[in-house]
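Below, chain A partners chain B and then partners chain C, in two separate complexes.
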Partner chain A sequence: MATSLEKIRSSKVILPKESHWIRKLIKTLSMGKGIENISLVVLSLLFIFPFLWMATTSFKTLPETMLFPPALFPKEWMFENYGEAWRSGPFPTYLLNSIFIAIAIIILQFAVIIPAAYAFAKKQFKGSNVLFGLILLGLMIPTQVTFLPIYLLFSKMGLINTPAALILPFASSSFGIFLLTQNFKQIPNEIIEAAKLDKASEFQIILKILLPIAKPAILTFALFSFIAHWNDYFWVLTMTNSDAIRTLPVGIVNLKDTESIKSWHIIMAGNMILVAPILFIYTLASKHIKSAFTYSGIK
Partner chain B sequence: MKKSKKLIAGILSIVMAGTLLLTGCSTAASNANQAPQGDSSTNGSVTLDFWYAVGGRNGEGVQKLIKDFNDSHPNIVVKATYQGDYYANATKLQAALVSGNQPDVVMLEIAQVGQFGNSGALADLGQTFSKEEIGKYQEGLMKNSFVNNKLVAIPFNRSTPILYVNKTMLKNAGLDPAGPKNWDELREYAKRLSNKEKDIYGFETPIDIWFYEAGVFQQGGKIFSDDEKQVAFKDEAGYGIVKLWQDMVKEGSMKTPPGQDYNAWDVSTNDFVNQKVAMIQVSTATLGGLLKSAEGKFELGTAFLPAGKQFGVPTGGANLAVLQKSSEAEKKAAAEFIKWLTNKDNAAFFSEWSGYMPVTQEAVESDKIKALYDKYPQYKTALDQLKHAQARPMIKGYREMQVKIQDELKKAMIDTTITPEQAVNSAAQQVQDLLNKSK
Partner chain C sequence: MAVSRMKKNHTAYLFVLPALLGCLLFTVYPVGYVIYLSLLSWDLISPDKIFVGLDNYKNLLTSPEFQRVLLNSFTYMVVTVAISISVALLLAVWLNKRTKLHSFVQTSIFTPHIISLVSVAMLWMWIMDPEYGLLNYILSWLGGPRLLWLDSPDTALLSVMIVGIWKVIGYNVLILVAGLQSIPSYIYESAKLDMANKLTTFFKITIPLLSPTLFFLFIVNVTSSFQVFDSVRVMTQGGPVNSTNVLVHWIYQTGFEFYRIGEAATGSVFLFIIVALATFANFKLLASKVHYQ
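Our next item is the complex of A and B:
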């Protein structure tokens, strides 16, 4: 009992990154396939349960959300919770803003990080190591450190409460440059040289050779970036003052009462609306994400 | 090495130039977007930015009022935006005052009025409100409206702590279902209602500054001296409530809910709804939700917070204020907007909708509120209790001081070997240090 508990605990920490690793661990620890499967089911339940809880709560009535001991499923499925959440603010605006800002950020990011990663991976130039080091350093600086100077700068430039304040600070990404550089490095130089012999331009090399090979990494980064900015609450709340340019997460917090009882069923319905696109995109892209990480793992 | 440094500098400057170019474009674009929504357009109408801090159902009530106002006032356009809870809202206002994009009307939690009023950010409403209009508001709710003898805030969504009792549990224990009237009765009731085996407590209160203030007021004490230079709760009046709570915790008749800030309040209401505790003290704004949740399970009653030497409560909730930086036309429109929001019908509507108190006497006497009190007499308790209300401190930096006080009190509830004197003196010392620093 104690060992299986430990198994879960130790594997829980690693699972999001290296599910491959866990399987090995479990295999060595367990006797056969049966135990392995059971452990996997238990593990996946651990991760699915919060989502399930959110989903069922979103269909409950207010008294049911406060019940103790709690009931997992509602007695009556209250579909109108979704309508109530949707009507409680300018949600269509929030949704459009969320989509616009997330996509604008991703496009800008790719315009910056793909050439940068190509240069770091395949070009030799002075100071490339120093610059790459600087970019890695950027990975370690949290947003909370940069938001104050950026806020003051933007307020002087008159950019507070504009879409620019939500997009520009994220025009580049240290993580993206790092991930793509590592991926591009695995592409043999011979292929690029062969293309050069055929008089391919740098642009063509990127478009026709690098991108198709690094597709899993590109998709993974796009998804990571999308999730991060789709869910971003702190930055949007700080940089905006009006509903016209705010995004979904700020709208969801709007559902929370300050002084009175919190309507968890409505809040969870809002959360379901928030995570649904992410879950949908993830199911489409999950195959590529796995391969992106195993690919870079081989290196 | 030198060369590579030069190279870095070169690249950095190119990047910066690029960013400038990009931002240049987007400023132009956003300015174009904003042009039609400027402060005042040519046809003489005024646009007011209004920031508020109540979400959920209460926020919906605010939105409904705004829509009605805009429909009935062709010359004024109010753009209302929710800015998070009271604290997030105040932080946003502070940042906005620095960068110059502050709203025209703002909702301020009552203890925050002093901070913004003292710094000169709030407009003097004495010029736009007549004496008669000011007299309409309930006196008990006007105690956090004046800064340096100037009227800077008008009550809007106002609450006060009240005692909620599970009448069914009290009846079953052979107690008066009206609830305890003083501290001795509270202790006695809680003891008899507790049941260790079933994990049931008689009484539960968040260890929050609101209830500590109430406790000090009930002993006839004060939080600060009148000149606001000295801590004033370092005496018997300040120790009393801590001693009561500690005694009850030791007897196993009081539960202190875990959780930061409002999370602890949620634990209290949850325990109460699930009948794990028989009496709680939380905001009157919770009544609507509790009535709904208790329906069919138990009989819900409300009572004054039990008296120490006397009855005493702070009020809570938020006031509306107008910003000093707004133009004269905007200030005039803002006053009209606030007067409209708190007129008889609207004050009654919002009180019924939310459970906050009706802020004017005429709203109390309206048919709507009378009908509400007939149907749910529980709502009336908060109003009756108002005559015992005292002002909350409005000192600059009080939020930070609150946290110090709460931390010491929470410690004393977990480790009951800390005496009330030790806990309160330590908190008082820290608050005095902060006071001295801010002078």
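Our next item is the complex of A and C:
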């Protein structure tokens, strides 16, 4: 009769099913996967930890931010920091402007891009290739090249400090036109022909056929556009100089510039206001957002 | 029949008209106008726009300040693109597995990319604070010196580059993982059958098959590295001593703070030429090496 020790040594012991995970754990750790998994966690911390650091700093007091070695957590969670950041400038205005501008841009983009993509994808007309190429050329010309002349143009037209300056230039997004054209091209012509035989108007075709099928691409583009314009600093900075129309990123930078001693706790609180909505959307829809950015990699 | 075909054409033109107008007004016209502006000397306020021909170009190319700006921009581009693509490639190969943990890590690495560069820049200003920053704390804990980061002309550009790399690397990883996943597994299996080791497989199989993706990534990374503005404006405003003044920041300052419109426009033309050249160079150099399946 072998002793239980000999039984274990001979590895013929059958563990009960509930402790199967123990066996898995031992197997994992001994195969070096444990090291890999730990390094994976460290890697992700390298990119997430700074945001956690931003969050905890936003609740600290000024002396706490000047501790060396730095304190990880605040002693007391100073929610007042957010109040102070909020009151440091016309933040309700900034927030409303950010929301309004981002949404207005997306709506206008849909109005301009969807018909254009439909025409490029499904209609034959003279010069369509040349025109499509012209629009794609826009992908190569950055806003940092065009901002000066556009500023002068808008200045002449009296459009500086108006929503028009912040919205109109983005309406004919080359990326959006490209994305949706590729998408619409994949819709079988027969469906459209059938709808035309049923005397459907162009508007109905777009609304009832194209949009439902291309919904993923459209959602993708909307997400992409919203994030880009919510985060935009450069264009708002150059096209506006009045707080009445400016958006959150500009407001946050002003906050930083006006803080006499570097009050990092207030500055971080302000940044949390800018960052939190995007992070929130990201945790809900990370897959969609990631695919939005991968789409721009599809030729 | 002919009437309905013409009607079809008209609808198409009508549909593309808004997009076309936008493109002409905000892409084509500005390029032409900025080239015209670069031939002027103008301070925005006075009604006199003096035509100076190519003087702006000559003056800028021979001015040490602008030369420094170009040098900064090129340094920024070379370092950030080289590091962010090569490291992203290694990470992508490592993370190209479909477990929950690997997916979570990919999602985490991508997080900085969707956050405003303004916030990323301020966050790193705080982390790189010479006295109270986390980075110097970690350095001192590892036994290294406390650096001045953004406060010293020797390390300021490096600091801005670190921020740029940290922000873009997640995007590169995302694109590369997507590219890797489009390589069918049978290729790897037949490589294994041919007794190819991991290194050979990586260099002779993975990279060539990944070349369309790498090619795309190069173009995007290079062009966007020349467009950097937010981090410089927020963190250093071009200093200290011009050590982080990059092209777009210089254009902004020259036009909007010093009102030298002609010179700013010239800088914009330089930027346009650089971006166009970079795109063409990428096409010529790498397109020939791109291996399509």
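A few notes on this one:
Here is the rule we use: the second predicted complex is superposed on the first by the 215 of 299 C-alpha atoms of A that agree within 3 Å, B and C clash if a C-alpha of one lies under 4 Å from a C-alpha of the other, contacts with A are read in each partner's own complex, and residues count from 1 in each chain.
Methods note: a contact is a pair of C-beta atoms (placed from the backbone, for glycine too) under 8 Å apart; a residue touches a chain by one contact, two chains touch by 3 or more.
Computed from a predicted model, the values in this text were never measured in an experiment.
Touch criterion met: A:230 reaches chain C, while chain B stays clear of it.
Once the two complexes are laid over each other on the shared chain, residue contacts for A:266 go to chain B alone; chain C is not touched. After overlaying the two complexes on the shared chain, residue contacts for A:275 are found with chain C alone; chain B is out of touch.
Considering which of chain B and chain C touches more of chain A, the answer is C. Of the two partner chains placed by superposition, chain B and chain C are both touched by A:253.
In the superposition on chain A, A:79 makes contact with neither chain B nor chain C. Judged by the touch definition given at the top, the superposed model places A:67 against both chain B and chain C. By the touch criterion stated above, A:130 is placed in contact with chain B alone, chain C being left untouched.
Counting contacts by the rule stated earlier, residues 66-68, 126, 131, 134, 152, 168, 171, 237-238, 253, 256, 262 of chain A appear in both its interface with chain B and its interface with chain C. Only residues 8-9, 11-16, 18-23, 26-31, 33-34, 37, 91, 95, 101-102, 104-119, 122-124, 126-127, 129, 131-134, 137, 141, 166, 170-171, 174-175, 178-179, 212-213, 216-217, 220, 223, 226-227, 229-230, 233-234, 248, 251-252, 255-256, 261, 264-265, 268-269, 271-272, 275-276, 279 of chain C touch chain A when the two sit together in their complex.
If you check the complex, the residues on chain A that touch chain C are 37, 40-41, 43-45, 47-48, 50-51, 53-54, 57, 65-70, 111-113, 115-116, 118-120, 123-126, 128, 131, 134-135, 137-138, 140-146, 148-150, 152-153, 168-169, 171-172, 174, 177, 202, 227, 230-234, 237-238, 249, 252-253, 256, 262, 264, 267-268, 271, 274-275, 278-279, 282, 286, 289-290, 293-294, 296-297, 299.
Those residues of chain B that touch chain A in the complex are listed here as 3-4, 7-8, 11, 19, 22-23, 26-27, 30-31, 33, 49, 51, 53-60, 63, 79, 81-86, 88, 92, 95-96, 98-101, 103, 159, 262, 266, 269-270, 273-274, 276, 283, 285-286, 288-290, 292-293, 295, 316-317, 354-355. On the chain A side of its complex with chain B, the touching residues are 62-63, 66-68, 88-89, 126-127, 130-131, 134, 151-152, 155-164, 167-168, 171, 237-238, 241-243, 253-263, 266.
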